[in-house]
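Labels run A, B, C, D and E following the written order; every chain starts at residue 1.
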Amino acid sequence: MTSLIPILSLLIFLPLVGALLVFALRQSASAARWLALAFGAAEFVLACAPLAIDRQGTAQVGVPTGFFLYQDHGWIDRFGIRFTLGMDGISLVMVILTAFITIVAIIASWKVKERQGLYLSLLLALQGAVQGLFLSLDLFLFYLFWEAMLIPMLFLIGVWGTGRPVYSTIKFFLYTFVGSLLMLLAIIALYLMHGAQTGSYTFALPALMHTTVPYQLGLWLFGAFLLSFAIKFPLFPLHTWQPDAYCDAPVAGTLMLASLLSKTAAYGLIRIAYPLFPEASRALTPLVYVVAVLGICYFAWVAFAQRDMKRMLAYSSVSHMGFVALGIAAWSPVAVSGALMQMVNHAITTGALFVMVGMLDERAESRDLSDFGGVWGKVPVLAFFFLIFNMASAGVPGLNNFVSELIVLVGVFKVAPAAALGAFLGSVLTLIYTVRLVQEVLFGKESKPTVLAEVSLREGSVLVLLAVVVVYLGVHPGPVLDLFKAPLELLLNK
Amino acid sequence: MTLTELYCLLPIVITGCAALFVLLCGPLLLSSSLTAIGVTASAAAGIWAAFTAPAPIQCIPGLAFTPLAQLLIPLFSFAAALTLLLSHGYNERRILKGEEYPATVLFALFAMCVLPCATNMLILFLALESVSFAFYILVSMDLNRAESGEAGLKYLLMGAVAAAFTAFGFALIFTGSGTLALSAALARPENRAIISAGWGVLILGMAFKLSLVPAHLWTPDVYQGAPSPVAAFLSTSSKVAAAALLLILLGHFPPMAELRAPLAALSVLSMVLGNLAALRQTNIKRMLAYSSVAHMGYLALALLTGSRDGYAAVLLYGAIYTAMNLAAFGAISSLSFEEEREQITDFTGIGFTAPVRGGVLALAMISLAGIPPTAGFIGKFFIFYSALKGGLIALAIVGILSAAASAYFYLRVVAQLYMHRSEAPAPKPVGFAEGLALCAASACILIIGVYPGPLLEMVETALR
Amino acid sequence: MEATVFYILAAILLIGTLCAITARQAVRAIVYLVVSFFALALMFYLLGAPLIAAFEVIIYAGAIMVLFLFVIMMLELESPEKLPKPRFSDWWPALALVVVVVGALAVLLLSHVRAVPPGFTDIPVRQFAYTLFKQYGVAVEIVSMQLLFALVGALYLGRRK
Amino acid sequence: MMPATYLTLMLLFPLLGGLTCAIAGRKLPRVLVESLACGAVFGSFVCALLTALSYTAPTVVTLAEWFASFDLVIPISLYLDPLSLSLSVMIGFVCGLIHLYSVFYMREDEDYARYFALLNIFVFAMLTLVLAESLPLLYLGWEGVGFCSYLLIGFWYRDTNNADAGRKAFITTRIGDTAFMIALAWLFQLFGTLSVTKLNGMGFLMPVSVLTALGILFLIAAMGKSAQVPLMVWLPDAMAGPTPVSAMIHAATMVTAGVYLLARMYPMISASQTALAAIAVTGAVTAFYGATCALAQRDLKRVLAYSTISQIGYMMLGVGAEAVTAATFHLLVHAFFKALLFLGAGCIIAAMHHEQDIFKMGGLRRTLPLTFWSFLAGAACLAGLPFTGGFFSKDSILMAVWHKGGALYQSLYLLGLLTALITAFYSFRLVFLVFGGGNGHVHRTTGLGVMQAVLIPLAILGLFGGVLNLPGYMGEGLLTRLFVAIPGGGAVEATHEQEIVMQAVAGALALAGLAAAWLRYGKGRAHRMQEAQSPPSPLISFLANGWYFDALYNVLFIRPYRALAGILWERMDKGVIDDSLDGLGKGIGSVGQRLGRWSTGRVAVYLISFAAGGALILCYLAWLVL
Amino acid sequence: MSVPLSHILIVASLMFAMGLGCVIAWRANVIMMLIGIEIMLNAVMLTFVGGSAHWGIADGQLFSLMLMALTSAEVSLALAMVVYLHRRKQTVNTDRFDSMKG
């Protein structure tokens, strides 16, 4: 269905315009802040708007099935590249998630001291790129956003980071860049193959799905896609950029990285890599299982050894992403819907934890576990939220992560019991480091500084927002899961 | 010479006359008006060429206003105009007086305008050598630095040897085919060996102009020694001119199987070596020189395909590379004052103390690294697209991996600009002419990056 | 007869060149070179290019070589220690490269099948002039510009600050 | 319609109470929080009673959908049957009393809001566990109680030991929970549903080997939650929490969840004799283990903790012997008398200024008479003195074991009897040490009166709990009648004579234990008190340290885990993966540098390279021609 | 004249290679390097004239003529540079002109 208002384009360009305006207003920090927040809120409203429209509408000519919003404009005709955007249930959820996380990120960076306008402007630009990625139905466009995301992120880590920001940001960039360039080659190869077969040279994803790829070549092409996505995911053993980048990035940067950028990789696997190469993906699935399970356990184990909270959470984050990979690898409706749900939940929970670590860091000026202790006695409200998010991350039922992990595991168990068993083992390891984190921060003797500021109104609003979502998705994830149903049926029945 | 002929070849006439005029009246005029004359002449030539329909036949013997010329002349004019704009402030700061400088730039432009119009090998050769010749002079023009003269001599020595090779190549081809006219000089099967020998020597000469490995070694020295605006001009237009020459020759001769392996070797070596050698450079101009080696390797990769797509990719990439390097060297030159600012560490924090120039430099670096949404990405995409289409899969993979490694040294500059706590002393504000040039270059990078359609069409037209 | 003369001239040319490049002093090298250029000019004449032969003598032997001599004298490079000599080790790569290049070229050039019967046509001066001014008029313009700018460059560099 | 309302309310009261306390508790006045918490639980209890009164037949109530993904549909549905009903009534009652008790016990603690919030949420989770019809929902309760237990054990978090104990409990039980989750995923794969009733109805469709495996998975789950060997190490440490918490969570309710789970899934598991045997063995071994450890403890609460382990072992034994009714019977009675014992211990501890060493107590029978008598009643039940509730319940389990026959079960029976003897001994050891002797100084705290009053109903229920399920020769048991409908719920078919003989044996053993305790700790009290000053003998240390299981696990699991975590990070992650990449980067960089050095600045080198390139190209072309 | 074209080409190649050898061997002496370049260009001219005679057209001769002009321009500029650098550095040894490297 194409509506009169080009919502999809607006979703991409609104943040970009916002970024420009905020950049223009960067001299006045407060104006920039409020403007950024306004744009964030507007984007969120816009992202939620499709919830109100009829999503079951009859298919129209030229619109691929399953997409209830669709836009198609010519762009680079020489290569058959079109500015094609489409929204189905999966993208809708991702778009809303992106808008939500960005708002959290904007509020969380309310107190950035240096060059705040620029910072917020980059955040908005990043949001625009991520939204574009989730909406694009043209592989070239997808790739463009995939890479364009890197630039704001590069600056966010490098300019406002702590520790060794330059090292981290360049490492992050190079890692992802190597993968994506190989993916670019694969995309071109696929494009050429499709063109040679059908005579129509196009990057349109729905069309490319009908390409017949020889098995051997398919393995290589899928391998390139997989490599690229696995780096961004990140999957074991391609992860070493991640702890550094997460650690050294500023709060909002970590938030965007952990909550959104890693999701783009999972989204790419679900939307592009698996449907494009059904045979090759089946052949390489054991590999994905192995790295996913290995990742879940290994990262959980390594997380236990960390002293730096942020690094611990970084490993925790990537450990949880293993469930997403596992669900995708199983490629059954239940497992993939679980993986998608896990993407949402991971974004919320891990994001919340990173925000909280940011708050603790801001107060105690340290992220070392040994500098904390007895926080519960000092700032009970903060501690309360910290506990909730940690428990969500540990998979306590009633909170969000449990639901998705259960769905993934049940789904995977059906297909690959051994992999699921490994992941179950991982859930014990997860609890071990989580309670360690909780214990060393919240419990024990009160450490210096004895007085910490309690949660402010601004922080509180963010935390409440996140906690409500955590609980809501834990007890009533139905609406979100419903959104995944129709697109997954289309994707998996191909 | 009839009026029609003049009409067609007006760009050549304008630039040639402008060069002479500047040379003659130079002592009487202010340096700013010399720059103005130069820029106006370049712009006029470019605009004229861009909006004139290509003539199908030779206007005068040896010259024809071809579609290729219609694309390349505006490109060269653009580069020359930007170079003049950039040089104005730079030369004033460095006390490089005299009419010789703008006149030589215009002479180079004149030769460049002749090059794509040439219809026989003699004109082609002379135009190419004139371009080089102008650059020998321009490189050594900075009398304040010994490096400048040194670079000039090295360039000249290497260039003369390479010219001898090129000429020898032409000589062998002529001996084999019996004509200098491009359109008729088809390889005769019985003389294939001589012609292929000629091509072998010729390609090496061209490898020098394009600075492909192993004929690349002069590049870092010359870029470092040359005044920055000259380096900008040299790294862009002279390369594009050489690429255009190869394109013209390859376009008229059927692709020869013998040449694939040497060209492939040159291309791979350049991509890998250029990108690797640039990794640890501390001098930004040398770094850009090695990067230039690598980029010419990409160009050679596209040339190697021997297909229309490949040639289109060469032209597109040439245009994009022109914009990128003009921006990069332009930013460097506008940030240089009494001393040439050439160590990468000299740029610490410049992104904040001189936002426009720092931003342009960062944009150029990002574009050179080939990250969307900049023009560099489109160029790289087209190159690798044509390579894959031409079946050069292994080369494409090597190229793309070396391109990935290249991101490191480009980002190092960006990191230096924005991501270090300490700050280099703030530079003086940017002058109008330089600002204009920088904005023009970066606008091109962004516009082509987002909407390359028109340029692609122009490239296609140029090859028709 | 002509062929014999040609081979003799070729021998003189090559020997002269060899002497020139191995001469211990630059001035001697130039003298040897002048000799071989005279031989070359005669060869041009034999190949039916009298005008080129004349220019060879006038421009090369006459002008360029003299220019070299001027510079050598101007910079007072006469004394042997002023100009570095190639060491023995420098000759090896040069020799190796020369052998390889000549070998490869010989292979390529001799494999040329004689489709055109041997023999040369004399090209009258009229034809030369016709070609020059009818076909390559532009080339003259370009070369003249180039010469002009050689002058400009030389003058610029010769400026004393 | 009615049961649905009651059940919903039963769950909603404590949930809302807990959430209110958690969110607003710190801003509300103390009295309000306390009455809110108690009111919520009692409200829940009333609902349970009303449900019981209106109970006719097992019903499934589906309240809502939790989540659904394709064929995986998880409703929020509750199952009301005699098992869940009796347990929820018990939970409502015991928890209500303990809430009331807590109000006074925690009088001096500032953090009342957190305490009551957790307590209420615990009740909610426990009821959910008991009433759940779909396994994920059961798991919600299962983890919910674990979570509350975790935070309540570490309630006084400033002392790291307490927090450590909580953590230990949480992690150890999580190992069992994982088995539960695996079973859950497997069940869904096998049956395509996770409804308890449907699964129990379809269990027979599967081969016995699969059911054995499933049974063992559930057993592992139960081991974690119910502190059975080998996952029992957490329970003694869990005594670090406030005493009412120990009474409620670690004696009466949560720890019996494992038994409940096995009883719940009994229809499915019972198809596999192997699984049942495994359950029975686990139970018997644990019972023996707990009893022996309890013999040597000096800490009042730890004695009770080990006795809890031991008693739950009995219940497991009962399930393993196909006597679900007997197990449930013991579960209920145990809940009463163990809560009683703990609450009594709480009174003692409160009165003794938080002194918990029984060798430093004595003579409390005069100073705390009410506590003494109630505690005595509890001890009698625990020891299984004839005609107390504990006597009947324990005996019905032992009888079922004997009746099941076979060498295995008969040896288990003997082990059970031995354990009963030990139990009687340590129960009265406790009584004599704490209440016997002379010097009984206590510290009067406010609220002690109410706290002691709470003991009375529990004492009555413990002593006369036998009426719930009198043996056949005294008339038919209430529970047996109620449970007859569910598999494994029928009475053991033994003759009255057999029953009487066996009860006589058990009664005699209990009395023998009592007598032995009297001899050793009643008469020889002074001697024992002296002995307690000197270092303990190896056997005593062995028992006192719980057979050194903690140390063993420390060596086997905890230390290797920590060490490997460090090694994985430093050596593997940083050392191998990261450094190899950094090394690759550096290598490429230095290769690049070396390539850069090719550019020596000498034009001669450039020319040679150039010419060499030319020579190579020409060679290649010549080679092509040749 | 009955000399085969290939002989002329061989003579030219030999001369070209000698010039190249001169440039390489006299690595530090800029004057001799320029002389080597002259030799190479003369070899090219010989090739052109030979080709021209072979095909009977004047184009090759013309190319030679232009090459002469080009060479003289190059040589004059080069010598000017040599003089200029000699003035600055008091040497014509190109191995000493290595202030830029890496």
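Criterion: a residue touches a chain if its C-beta (ideal position, glycine included) is under 8 Å from a C-beta of that chain, and two chains touch if they have at least 3 such contacts.
All values derive from a computational prediction rather than experimental measurement.
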Minimum number of chain-to-chain touching steps separating chain A from chain D: 1
Partner chains shared by chain D and chain E (touch criterion as defined above): B, C
Contact clusters after notional removal of chain D: one piece
Central subunit by CA centre of mass proxy: A
Between the pairs B-E and B-D, the one where more C-beta pairs touch: B-E
Cα-centroid distance, chain C relative to chain D, in whole angstrom: 102
Separation of mean Cα positions, chain C and chain A [Å, integer]: 70
Length of the line joining the C-alpha centres of chain A and chain B, rounded to whole Å: 42
Inter-chain centre distance, chain C versus chain E - centres from mean C-alpha coordinates, in Å: 6
Multi-partner residues of chain E (at least 2 other chains): 5, 9, 16, 19-20, 23-24, 27-28, 33-34, 50, 52, 54-55, 57, 59, 62, 66, 70, 73-74, 77, 81-82, 84, 94-95, 97, 99-102
Contacts with 2+ other chains: residues of chain D: 596, 599, 601, 603, 607-608, 611-612, 614, 618, 621, 625
For chain C, residues contacting two or more additional chains: 93, 97, 101, 104-105, 108-109, 111-112, 135-136, 139, 143, 146, 149-150, 153, 157
Set of all touching chain pairs, with the criterion as stated earlier: A-B, A-D, B-C, B-D, B-E, C-D, C-E, D-E
Of chain E, residues touching chain D in the complex: 20, 23-24, 27-28, 33, 94-95, 97-102
Complex interface listing, chain C residues touching chain E: 2-3, 6-7, 10, 13-14, 17-18, 20-21, 26, 29-30, 33, 37, 40, 43-44, 46-49, 51-52, 55-56, 59-60, 63-64, 67-68, 71-72, 74-75, 77, 82-86, 90-91, 93-95, 97-98, 101-102, 105-106, 109-110, 112, 114, 116, 118-123, 127-128, 130-132, 135-136, 139, 143, 146-147, 149-151, 153-154, 157-158
Residues of chain D that touch chain C when the two form their complex: 608, 611-612, 614-615, 618-619, 621-622, 625-626
Residues of chain D that touch chain B when the two form their complex: 585, 588-593, 595-596, 598-599, 601, 603, 605-607, 609-614, 617-618, 620-621, 624-625
Chain C to chain D touching residues, read off their complex: 93, 97, 100-101, 103-105, 107-108, 111
